[in-house]
Amino acid sequence: MKVVAAIVLSSLLIAAGIVLRPLIATEIPASERRSGYTFMSPDTKAMQDDDTTNPGMLGVIEGEALWNRKGGSADKSCADCHHDAKVSMKGVAARYPSYDKVLGGPVNLEQRINLCRARHQQADPLPYEKHDLLALTTYVAEQSRGMPITPDPTPELQPFVAKGRDLFMHRQGQLNLACTNCHDDNWDKHLASSAVTQGMPNGYPIYRLDWQSLGSLQRRLRNCITGVRAQNYDYGAPELVELELYLMSRARGMPLETPAVRP
Amino acid sequence: MTAALINVPKKARNGDIIEIKTLTSHVMETGYRHTPRGEVIPRDIITSFTCRFEGDEIFHADFFPATAANPFLSFFTTATKSGKFDFEWIGDNGFSQTASASITVE
Amino acid sequence: MRRQPVPTRRRFLALAGGTAAIGALPVAISVRPARATPEMMATAIRTVTGGANVKPGKVKLDIPPLVENGNSVPMTVSVASPMTANDYVKSIHVFNEKNPQPNLGNFYLKPSAGRAQVSTRVRLADSQKITAIAKLSDGSFWSTTADVVVTLAACTEDVI
Amino acid sequence: MARSAIPVVGGCFALALLALPRLAGGEELKSYSVTGDAIVESLTGEAGDAARGRKLVVDRANTCILCHSGPFPEDKFQGDLAPNLSGVGNRWSVGQLRLRLVDASRLNPGTIMPSYYRVDGLDRVAKAWSGKPILSARQIEDIVAYLATLRD
């Protein structure tokens, strides 16, 4: 009977431990926060550093063309309202996801582009992770390259940031791992010799060598969720946007690198 | 839509050896990959690149499935006179793309 | 659709009309198809050299000894040559022995190149030996080799 | 030594009183009992095969070498998130190794070591893996047998 009691007790402790786990996870002090760039090999850094060799710049060129293309029932282009993106979009990506009053919640940059299409161009949404939306997002985000991440301070957003943080701290999937287990507690280690990194969101959309294309932060998040063998969230799901929000708050002050190159 | 990013100096002095860099958007599908259902994804690559200066070929390259997506190339030429570089990419499924860039040689 | 050069000193962007659309990558899984072998590489090299003797030297192959992802490996080949009308590099050929097929690239130069050097990015399916061969205007062939270790990505979209 | 007959397969005792989860193949998760920090008895009732165990450990699909390094000269890409497996057979008994594979979270709730033979107490498991342990009882025994051979 002693053993049974011990098992029951330890089970309770474990149950408690799983609940307590988020509270004991260590967030990275601001002074130690590092871009994924700093973990890369010199060759991959060189590919990002030079605009004539960075394949992500092709997305910028294509995005600029799309910015100026008229479309939708309104037959308007982005430029018809926002004019020169170099001026109007400067700093915008550094504060996304941002609060949308009509929806009463956060929207990321891709969703903002599609909201703009719906509200002002009377155009269909561009599908997630397809070329056009990635190119437009990359072009908009590139206008903030080098600028520090400055999360949207709207008070109504804060509960969503907290939800994103809870998700970051929550163990899930068959491997029973939370984002924090690797990206707060073990970011200086290696997973099968690949750098774990801090999972910073400051280069998206990124040109990922593994993808051989541009891809969004949500694609990268979905990779990790697949990796821990958890049910995935659909592109645009509120949980993914909340995670994006929390990641941006975690990267406050870090310069935007879009289009970053990552292995 | 495909894009090309070409880097040629706008100006050079006679006799300068200049670097030309090109980056082209293309998936470079190898023909060796399969869908989750086991079907082969057909090959779709750029197979050849040619650079001409004032109509004369100055550089040519053959690409293969082993060429990385969004192919990058860098090569050199000697600047001798002002003129126009023409770039041409040809590939599977009738793929064809051209671009050009001018240089002023002083 | 074509754009004029932007008025910066060194760079211009061209947006050219093409026939292929760039979409998101198809949902695909990588497989390890039948690989090229050292014999297949030797055959491919013979196709270029016609069986002529290939001497070590003159060729320099810059490729990272350890790469983070085999999908895009930067590579520069340069050849020691005066690049004059009488003495120049006609072509450069790069081979591998473990991809599905043995060619990494062929590059054809003119004396006007001034410098016998090309850079590109290649896919390497695995850690392996890379061989670069230069054909000179006198008909001689020169070569060098380099070993590359390819890191396998830990976190991919393939379910592990 | 008293030994519990209650099948404890997960972190939550309430769940342990429910019917045992069924695996996709119809195989029930085998019951086991914990003594101290060990599972003394083989999950299959048989000894594992160390040679098969080594193959399982170096196969990335089983995730071991994503985090652990060890005496596997053929694989250049091993993780350093978790202790090196060299000498692990000196550090732990077979029974201790077995519990650490089956459910390391019993010993340290904060561990990043997944529970390789557990199906409950998990959240949002992807459909393809739902109701299945990461490794089968036989695979656990094979790996335990191999790890026990790793002596400095």
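Labels for the chains are A, B, C and D, by order of writing; each one numbers its residues from 1.
In the analysis below, contacts are C-beta pairs under 8 Å (C-beta built on N, C-alpha and C of every residue); 3 or more make two chains touch, one makes a residue touch a chain.
Remember, predicted model here, so these are calculated numbers, not experimental data.
Novice: Expressed in steps between touching chains, what is the minimal separation of chain B and chain D?
Specialist: 2
Novice: Compute the centre of every chain as the mean of its C-alpha atoms, then state which one is farthest from the centre of chain D.
Specialist: Max centre-to-centre separation from chain D belongs to B.
Novice: If you average the CA atoms of chain C and of chain D, how many Å lie between those two points?
Specialist: Here chain C and chain D have centroids separated by 45 Å.
Novice: Any idea how many Å lie between the Cα centroids of chain A and chain D?
Specialist: 34
Novice: Hunt down the residues of chain B that sit against at least two other chains at once, touch-wise.
Specialist: 1, 3-5, 7, 25, 27, 68-69, 72
Novice: If I count partner chains per residue in chain D, which residues reach a count of at least 2?
Specialist: 60, 63, 66, 76-77, 79, 128
Novice: Among the residues of chain C, which are close enough to touch at least two other chains?
Specialist: 1, 11, 13, 15, 21-22, 25, 71-72, 151-152, 154, 159-160
Novice: Can you identify all of the chain pairs that touch?
Specialist: Contact pairs between chains: A-B, A-C, A-D, B-C, C-D.
Novice: Could you list, by residue number, the parts of chain B that touch chain C in their complex?
Specialist: Contact set of chain B toward chain C: 1-11, 17, 25-27, 29-30, 32-36, 41, 44, 57-69, 71-78, 80, 91, 93-102.
Novice: Where on chain D does chain A make contact in their complex?
Specialist: 2-4, 6, 8, 11-13, 16, 33-35, 60, 63, 65-67, 76-81, 105-106, 109-110, 112, 114-115, 121-130, 132, 134
Novice: Which stretch or stretches of chain D touch chain C in the complex?
Specialist: Contacts found on chain D: 60-61, 63, 66, 76-77, 79, 128.
Novice: List the residues on chain A that touch chain D in their complex, please.
Specialist: 1-4, 7-8, 10-18, 20-21, 24, 170-177, 181-182, 185-186, 189-194, 196, 226, 229-232
Novice: Once bound in the complex, which stretches of chain B touch chain A?
Specialist: On the chain B side, the touching residues are 1, 3-5, 7, 21, 23-25, 27-28, 68-70, 72.
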